[in-house]
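Shared chain: chain A. Partners: chain B in the first complex, chain C in the second.
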Partner chain A sequence: MSAAANKRPFDAGRAAYLGLNLLFIAFLLVPIAIVIVFALNPTPYISFPPVGVSLKWFAKFFDSAEFMSALWLSLWIAGCVLVLSIVIGGACALALARGNLPGRAFLTAFFMSPLMLPAILTGLALFQSYLLAGVGRPVWGLIAAHTLVAVPYVLRTTLAVLYNFDRRVEEAAAALGASPTRVFFEVTLPLIRPGVLAGGVFAFIVSFDQFPVSLFLVVPKGETLPVVLFNYMKFDLDGAIAAASMVSILLALGVVLALERLIGLRAYVKL
Partner chain B sequence: MSVVKARPSPIAWLIAPALLLFLLFFVLPFGVMAVMSFFSANPISNPNAFLTTKHYLRFIDDDAGIFHDALWSTLRIGLVTTIVSLLIGYPLAHWMARIQSRLANMLLMMAVIAPLLTGIVVRTFAWMTILQDKGVINTTLMSWGLISKPLPLMYNEFGTVVALVHIYVPFMVLTLAGVIGRIDERLEQAARSLGAGRLRAFVEVTLPLSLPGILAGSLLVFALSISAYVTPSLMGGTDVLTLPMLIAQQVGTSFNPNFAGALGMILLIVCFAIVIAYNKILARLAGEEGLA
Partner chain C sequence: MGKQKGLTMISRRNVLRTSAFAAATLAWPAILHAETKTLKITTWGGKWGDIMKAKVLPAFEKEFSCTVSADQAFPFMPKLQTSPKNDPLYDVFHTNSNEQWSALTEGLVLDKISVKDVPNIADVYPYAVSDKIVGVTIFTSAIGLGYRTDKGLAPPKSWKDLADPKLAGSRGGYLIPVNSLGQCHLMMLGKVYGKGLQDLGAAYKALEQLKPIKLVDFTGQMEKMLLSAEVTEGVIHDSGVFRYYDTADRQPVDFCSPTEGVMALEQVLNVTPGSKVKELAFAYINYMLRPDVQKLLAEAVWYSPANKKVKLDAKYDEKLLTTPEKVATLIQPDWKWYNEHKDDIDARVTKILKG
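Coming up: the complex of A and B.
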């Protein structure tokens, strides 16, 4: 506080620094806010400035059978991915952090690699494999694909928690006579739960918003919401897209708040 | 720290489901893609399919004169996106790493993560409403009488890069904030107390120390933006053709999955080189930090 008091009354460098950063924050957030404006603006095409407030685009979105079946499919897939990636990713994190596995660094990089490789190629590779295997394009294929790209998120958040917590808590429980199973269920699991859940929430969003992996794996009439929106946007740019966007933004916002409550966002600074 | 270097414990078996998933749905498919790229057609359904390098030669010869252009514009868009993301991301990351108040830090973090949690399709839509001829910027400028006809902000590389930067800046910020946060602030203070101006202290102390973060963040953003599909195809119009768009075309309209596989392998090799560099840098960073 004394340092602040020592400052000269006006600091041009500091002002420029803050001004620039506020501008960048605006660059990040304004486009999202603009979607809200268009979702509520009743004109038939995207036009600016807005002329009023109406919920007709939301009505159109929720009344459209095409949008609704896509929304439910996306939610259903994201739900499955959430459960699968929590179980698979959580178990994998435990094995990596506690299993004394050889080549741990390599394995971690391997399980993280779907994040670094182009998602569209993951989709293409799976498309070719399903084609070769002659299985068609089943929903389970889509779920497996989404789970693959969601597991790294669960792995990352769970590993962050596992590396941060004090192993002596587990050792103390064991020293007091708890069996390894009991230590796991009564000490380790409750401690890593926030990390696993936070990763699961990420997994849900990654699946719900997934486009590149889904592109080649969806069937006509069985498309997920992002694919339907993309196809719609190629020809039509009206408020229905904005309303659909709003629905997913609200979902994301709820997730951010949930994350902050679960674990605190600071944990994600460590990539 | 007193962990004994022992044989794998029973907990190691928990890796099995993940390993199975990754082998079946990741390693195997990429292998299939590599093999398919050397076949003339689907070798299972078509008995006349033969091994060939024609898909790669087709790319190398480039008779139609589009493949090389597509590769270059992919790399060019990736490079420009990376540079602009760094210029925007660095100040933000620096602010985030150095801000004192916990509340302000949390708000900043939410501002950076919120776009990350909004789908690519949604964010591209947002930029279409802003940059199109009847979009926010053009209508505003025209109603103020500053321009008489809309500026060409979209359906070109400019619009593509703007939207890509918006999508990938958060990755840059998160990578950089972690690195800058680990730099001891007292180093900069020491430089300043020795008479260096604030700018000089930053340029000669903080900036060099954050170089690994700059490199890691840039590689990440580059790898992500050269594999983007949604944004270039919606924002680029007929002006922009990138490698991922070419791949989608080969699968969707031309139905030539074998050639798509070859194009995919080319993109994959570029990305692999980047991933290896990225992991090397991260490993060095983790080493400096002293892994728990």
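Coming up: the complex of A and C.
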């Protein structure tokens, strides 16, 4: 058979499908490309085409004590939020899916409500509550606030796994003599792990990038990276902002890859 | 045996003495902390924030044996509003003049600061404590027109020059509801095209004529748009142009003080009535008005000092408002009036600039 005969006829539907996909990919990646160009362009303003390639904005970012302290604080808070939201969100999901609780639908909506409320209002309400309680604006208050908005992510992904869970596996383990604790740690937990961890990754990213909730809760010399970037941008809109954004993107990506390597998320879920 | 030799008798007195010493040692940081007063202030970021953190605040802390907690994270006003009035989040409130008026309406700041509390007020220009000011102005900038000198256009002389048809699409302004420079510009349009700063009808009509116009919400963005030539001519404060004079890659950008006058963009300090450290708060304002501190900050960020005794170096003195004649060109808006009409103005200008 000739090559021409092997050639597929033009499929307009398939071409449209591919075109639409390419459009979506471009929509997602073009902003990142612009950030990269801005971060590497030596001019102190956004200019296109770029006039050269320089790492001076990265140097400025890493040399700044203010940026570095904010970066470490954000990472530390996001780490705490990751752990807390996994524990709280995972436990809530188990209780909701297995607990035969009255008003389960209401409780699920209640736990998901931080996602429905504008985050800026959550931040303001918590700020006011902390002041009324006389505790000021402690770091644990910021961690609690981030956890509040991160828990729904873990809850949702864990509930999704639990709803598709074959309980006969647990029943088999119990029938073979395993205690309830052993069933939980050796059967239930490994099976719901992908949902919990996928939610944990979201929780980490949500906390690390959290701006509206943090806005009211940060204290002088204890500001998170997004808040520092916002305030910096009001006065100095230079490439350091883009460099910081690049570092943030790479860090978030690094966490996802590290979790994938350590725990093997890819084996369970498509991220 | 050796161990037994090393044993010593411990008397009750020794135990008490040692315990008291240990307790005092452990408690000492807390006692020290309790004695060290903390002044909570708001302040700007950027170059201003850098010089404040590096020099101005450490020197104040040393001189007054206190610590300063400087909040640079916006928004200041809602935070102050939310905190209890008898234990406010800030002792000294640093904002532009419009926000001080909003704060005064809600009883969040003092209406006036007297020379008795802040002796350096005796040396400020009259505009710094005029009836248009709540608190005391420590610096001012002049709001005028920034422009590119490399675009073949004649340098502007009047506010009306911003309406030049050649600038269509390359003139710059602000999102008026969120930016006080934009609000000043709107009032100036009323003065230039109508009967005065409060002639909103004339101002709206003139604003319509400025379309198409590039709008930004921060002055920092306008600075960068001028530097990148995205904007050829735009509303900006003088320091937003002058501060790039010293840079290695100086751009062809200059500032014009229009003949009709420049609007004042004041940096105002005030004290919260519920502050627990009012004396320290007044001392801070007095310190900020001191000639040496004024000179340091003015030359770092190109702000015009409010203290008339300040002697700036020649290159700053030439450009900034440092004489009674230059200061006389400043026009101070009536922010009380503006704030009372703000909701209506916001709705109207949003409609105009959207279309």
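By definition in this document, the second predicted complex is superposed on the first by the 225 of 271 C-alpha atoms of A that agree within 3 Å, B and C clash if a C-alpha of one lies under 4 Å from a C-alpha of the other, contacts with A are read in each partner's own complex, and residues count from 1 in each chain.
By definition in this document, contacts are C-beta pairs under 8 Å (C-beta built on N, C-alpha and C of every residue); 3 or more make two chains touch, one makes a residue touch a chain.
The model shown is predicted, which means the values in this text are computed figures rather than measured ones.
Chemist: After superposition on the shared chain, which partner residues are touched by A:218: those of chain B (first), chain C (second), both, or neither?
Modeler: So A:218 only meets chain C here.
Chemist: Could you tell me if A:164 is touching chain B, chain C, both of them or neither one (first, second, both, neither)?
Modeler: The answer is first: A:164 touches chain B but not chain C.
Chemist: Now for A:91: first (chain B), second (chain C), both, or neither, which partner does it touch?
Modeler: first
Chemist: Would you sort A:230 into first (chain B), second (chain C), both or neither based on which partner it touches?
Modeler: Both chain B and chain C are touched by A:230.
Chemist: Check the contacts made with chain A and report whether chain B or chain C touches more of its residues.
Modeler: B
Chemist: Looking at A:124, would you say it contacts chain B, chain C, both, or neither? Reply first, second, both or neither.
Modeler: In the superposition, A:124 contacts both chain B and chain C.
Chemist: For A:44, using the defined touch cut-off, is the partner it touches chain B, chain C, both, or neither? Pick first, second, both or neither.
Modeler: second
Chemist: Both chain B and chain C contact which residues of chain A?
Modeler: Overlap of chain B and chain C footprints on chain A: residues 45-47, 124, 127-128, 131-132, 215-216, 230, 233-234, 237.
Chemist: Which residues of chain A touch chain C in their complex?
Modeler: For chain A paired with chain C, touching residues are 43-47, 124, 127-128, 131-132, 215-216, 218-221, 223, 227, 230-238.
Chemist: What does chain C use to touch chain A in their complex?
Modeler: Residue list for chain C touching chain A: 44-49, 69-75, 78-79, 82-84, 89, 218, 220-221, 223-225, 227-228, 230, 247, 249.
Chemist: Hey, which residues of chain A end up touching chain B in the complex?
Modeler: Its residues touching chain B are 13, 17-18, 20-21, 24-25, 27-29, 31-32, 34-35, 38, 45-49, 87-89, 91-92, 94-96, 98-102, 105, 107, 109-111, 113-114, 116-122, 124-129, 131-132, 134, 144-145, 147-148, 151, 155, 163-164, 167, 205, 208-209, 211-212, 215-216, 226, 229-230, 233-234, 237, 241-242, 245, 248-249, 252-253, 255-256, 260, 265-266, 268-271.
Chemist: Given the complex with chain A, which residues does chain B contribute to the contact?
Modeler: Touching chain A from chain B are residues 3, 5-9, 11-15, 17-18, 21-22, 24-26, 28-30, 32-33, 36, 42-45, 88, 91-92, 95, 105-106, 108-115, 117-130, 132, 134-136, 139-140, 166, 169-170, 174-175, 177-178, 181, 198-199, 220, 223, 226-227, 229-230, 234, 244, 247-248, 251, 257, 260-261, 264, 267-268, 271-272, 274-275, 278-279, 282-283, 291-292.
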